[in-house]
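Let me begin by presenting the structure, written as structure tokens, before commenting on it.
A, B, C and D are the chain letters, set down in written order, and residue numbers restart from 1 in every chain.
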Amino acid sequence: MSQFEGIVPAIPTPMNAEGQIAEEALRKLVEFNIKAGVHGFWVSGGTGESVLLEDEENRRVAEIVVDQGQGRVNNIIHVGAATTVRAAGLAEHAARVGAEAICCVPPFFYSRSDEEIVEHYRVVAAAADLPLFAYNLPSATRVEIDPPLMQKIQDAVPQLKGLKHSVANLSNLRAFARMGLDAFTGSCHWMLPAMTLGAVGAVDGPPSFAPELWVVIWQAYQAGELKKAEAAQDRASETVEALMRCGGGFHAMIKAALGMRLGIDCGDPRPPALPLTKEQRQALERIVDELDLPA
Amino acid sequence: MSQFEGIVPAIPTPMNAEGQIAEEALRKLVEFNIKAGVHGFWVSGGTGESVLLEDEENRRVAEIVVDQGQGRVNNIIHVGAATTVRAAGLAEHAARVGAEAICCVPPFFYSRSDEEIVEHYRVVAAAADLPLFAYNLPSATRVEIDPPLMQKIQDAVPQLKGLKHSVANLSNLRAFARMGLDAFTGSCHWMLPAMTLGAVGAVDGPPSFAPELWVVIWQAYQAGELKKAEAAQDRASETVEALMRCGGGFHAMIKAALGMRLGIDCGDPRPPALPLTKEQRQALERIVDELDLPA
Amino acid sequence: MSQFEGIVPAIPTPMNAEGQIAEEALRKLVEFNIKAGVHGFWVSGGTGESVLLEDEENRRVAEIVVDQGQGRVNNIIHVGAATTVRAAGLAEHAARVGAEAICCVPPFFYSRSDEEIVEHYRVVAAAADLPLFAYNLPSATRVEIDPPLMQKIQDAVPQLKGLKHSVANLSNLRAFARMGLDAFTGSCHWMLPAMTLGAVGAVDGPPSFAPELWVVIWQAYQAGELKKAEAAQDRASETVEALMRCGGGFHAMIKAALGMRLGIDCGDPRPPALPLTKEQRQALERIVDELDLPA
Amino acid sequence: MSQFEGIVPAIPTPMNAEGQIAEEALRKLVEFNIKAGVHGFWVSGGTGESVLLEDEENRRVAEIVVDQGQGRVNNIIHVGAATTVRAAGLAEHAARVGAEAICCVPPFFYSRSDEEIVEHYRVVAAAADLPLFAYNLPSATRVEIDPPLMQKIQDAVPQLKGLKHSVANLSNLRAFARMGLDAFTGSCHWMLPAMTLGAVGAVDGPPSFAPELWVVIWQAYQAGELKKAEAAQDRASETVEALMRCGGGFHAMIKAALGMRLGIDCGDPRPPALPLTKEQRQALERIVDELDLPA
């Protein structure tokens, strides 16, 4: 795959009853999504419980997803960590196992200067020497990469290829596109509007549950069928909003919903996340049923 | 005019050298915009120096704009004020002079409970008994009307017709549209993306300077010409960004730019706003020249 | 009065049933506070419904308070307004009627550059040529004056004498004190801690209801009686917290409490503020009774 | 040590040229501080590069500090981590090696419900069964524990003993003290003011460099010598502000300053933190010299 674009689900990390990586479930999840027409995966990112995974687990997930994909889609492996050494180690591993690209949140917990953020990205990118996607996720990291900071990264990091923009401000996303970056919106609610400003697609968790809903938006947009694209975006957004109304945490919901729709047991989210309560599970089951998606 | 939609410039309030309302300039500005195909005006709003105007001035501006329009476009008169009595007085006057609608920021300066905000809107709307547009402008008022609060307003205020959403979050704009409201985006940079989620048009200051740039977006969107609409949005956004690069305050810039393009002397912004410096004026002149818009 | 320090209640603006200034109530309120040992008044500020008053009302309040004080205390008249012209007009009037000082919030509603804020203060201060207190109230104005901006004001405005700091950050308050400014804390909860870092006293609304509670803190602090000052601060803070637990808006509560304790009818807050509900009034009455303060 | 109070430096984690824990430097640092009269240590917290340490390193630091202390002071070991399992593992280890207490930031990176935060603290505290201090550090974690959330923690976690409050709002600190908690201010700039509202002392990084400056505040406060305490707080705050003016990151500065004053080589901060530049080092050297503290 040479082009980064389209529907790139941020896949959850299925776990078994002991909280360990559930390899078969992960392979099934990848296969289901590829068959549904997605263009890549965002692996061990925010939806994948990212920084809650041990480094060894992160590596295992990367190996499984790349192996299952067999070059059919773009695997973008998340390597963000609190220290540069750990992130660079994960980056080096991602390249070794054959990933198409890496992605990386800025260093988190402590506030960092622009210079420290740029140097972090430089070292991590050099360790993989793969296309690098910055991961703009200030709701988790407290760092919003704005166009001036992105320019500094672009100047210093030859591997910078694009970003996931999980921020409401579409003007900055447009600015990133004009800088020549492959800009994915990080919200599947805004895929269509973001594309009208130059985004190349969407990276988000909910498409991993029902990728066909976003594939339709993508196809209609490519065909220039505006009304069809709008209707498809509307249906996709309605679906996510319905799922969220069940209450409970995002990771608990998305894992449970995958079990309900596809029979893929993804287990519980890792603590401190709590699983859905019985009432939340029942509400979610009703919603998944009503969506009437093929199993 | 029965339909609220399209390009609704938030017009500046031209002033003479003594800082008084410049009636002829205001009439020319209205006429120029109508000829360019706009669908209405947002009068004495954020761009119109709103709360910097005395009540008597607000009334005078409303009279002039309505009189000049002669029913050709929708005039939406801003009546927001720090007290309910003052806002209701302006609302009553707007109805008396024949405005098509009013708009109103939530009460500002002091923090208010939802109940107080709803009651404010109820009294103000009743005083005019015209279609009411809420004005979601948290960057000035510190109040962001979110969908639950809007629902309370909708339940209590029969005149509520729509809103101007000057907030980056397009998911809330979509929610407002689904509540049956005429939702204008308050950013002319996001007109096209907002319309793909259900917005009915854009209300913002820059279109008063070059309305034709947004009229093209509107027409292409109506015709379902997606690529043309995207190119038009791109050109419009580029234009605004170029103007902003001259430095200086927004009101100073927009007033000066109108003088440079059209020869309509709009004067200086009201203090504490400062006029452009000589260097900023020169930079702006170069930019307006390069835009190569018809005078 | 030459020294600005001590307990400076931010007094409410009593209104009659028609919502007009209630002169006799205002005089009684001033007199009660002077007899209780306060060192000055902060007039028509945040507690005084400030920007909800018409300019004519602001002037009337200034005249009454200065006349009633007869030079016994420092009257610091608030002159902040949305435009420089209006603020300067109020400032000129304050000087004419014999106020000891003026205070002024930064220009609000629109965002302003440092240069615009400094120029606003320069013009307003020159109009009165009285000692000027900046009013650091970002919860209402969205502008926080930090030490670098205060330095610019101090460099350009010879009348700058001090400030009211209604911000939690005591490090900045300490910085202002070290700049030679008379720094009042704007929270009566932090009077004692603020004084240990160099504050000269407290300006806040609740002391207008029970000034004796803060006068005791002041006296104990002056006498170096640390434990006594701590106990007095604790009692004062407990009192305010008890009053706030009744629910309802601040202005409604403080006006009602004054009626309950002293029989001074201060009326309702100006809309959009809502008066206390019946339940809130009853809760407040119980609390005022339990405080067992002399009537 | 049964009482938690006084000066509790948050000690840096010295590292050698290879970025590994420098045991001898750490022992010297502990010894110097104990001799200077501190009452405890906050170990591997924010100043100690906390979440940048591997779990094995965290354990090693705990062992060294506890061993060196030999029961002379209270060692409060930080065990915060992104997952409950990792934090509980560190907590269990801290108890095993003989720590007097543990401290823990709320789970970070992902947003968590109150219920998830409480359950995290319950499991972690049970694993150590030592006194627990919550670590209120929203600038790093995005979670501010306010009094209602603290009440939920107190209700569910019998080991909860106190907190470090690294937040400007002293009203909440007062509320925590009134809940019976040992409330340390997390800012050494506010030690004296915080104690007047009920704080039991200060936990912060700069005292590890010059503990005697805060010991003097503590002693003066205990003796009721208000003016002396104020002067001591002023000197201590001036010292920290002078150090910060050299530029560079906090960890780089504090480690370098310790080398300059005491000859204890603490190494560089762990990347992505950058070391001081040559110019920053020279500026810091001048400042440390001017402080004229005994070596």
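Criterion: a contact is a pair of C-beta atoms (placed from the backbone, for glycine too) under 8 Å apart; a residue touches a chain by one contact, two chains touch by 3 or more.
Since the model is a prediction, treat every value here as computed from it, not as a measurement.
K.L.:
Approximately how many whole Å separate the CA-defined centres of chain A and chain B?
P.N.:
That pair's centroid distance is 37 Å.
K.L.:
Rounded to a whole Å, what is the gap between the Cα centroids of chain B and chain D?
P.N.:
That pair's centroid distance is 51 Å.
K.L.:
Line, ring, star, complete or other: which one describes how these chains touch?
P.N.:
Graph shape, chains as nodes and touching pairs as edges: a ring.
K.L.:
If I apply the definition of touch given earlier, which pairs of chains qualify?
P.N.:
Pairs of chains that touch one another: A-B, A-D, B-C, C-D.
K.L.:
Could you list, by residue number, the parts of chain B that touch chain C in their complex?
P.N.:
19, 46, 50-52, 82-85, 107-113, 115-117, 119-120, 123, 139-142, 249, 251, 270-274
K.L.:
Name, in rising order, each residue of chain D that touches chain C in their complex.
P.N.:
These residues of chain D touch chain C: 168-171, 174, 187, 189-190, 192-194, 196-197, 221, 224, 226-227, 229-230, 233, 237.
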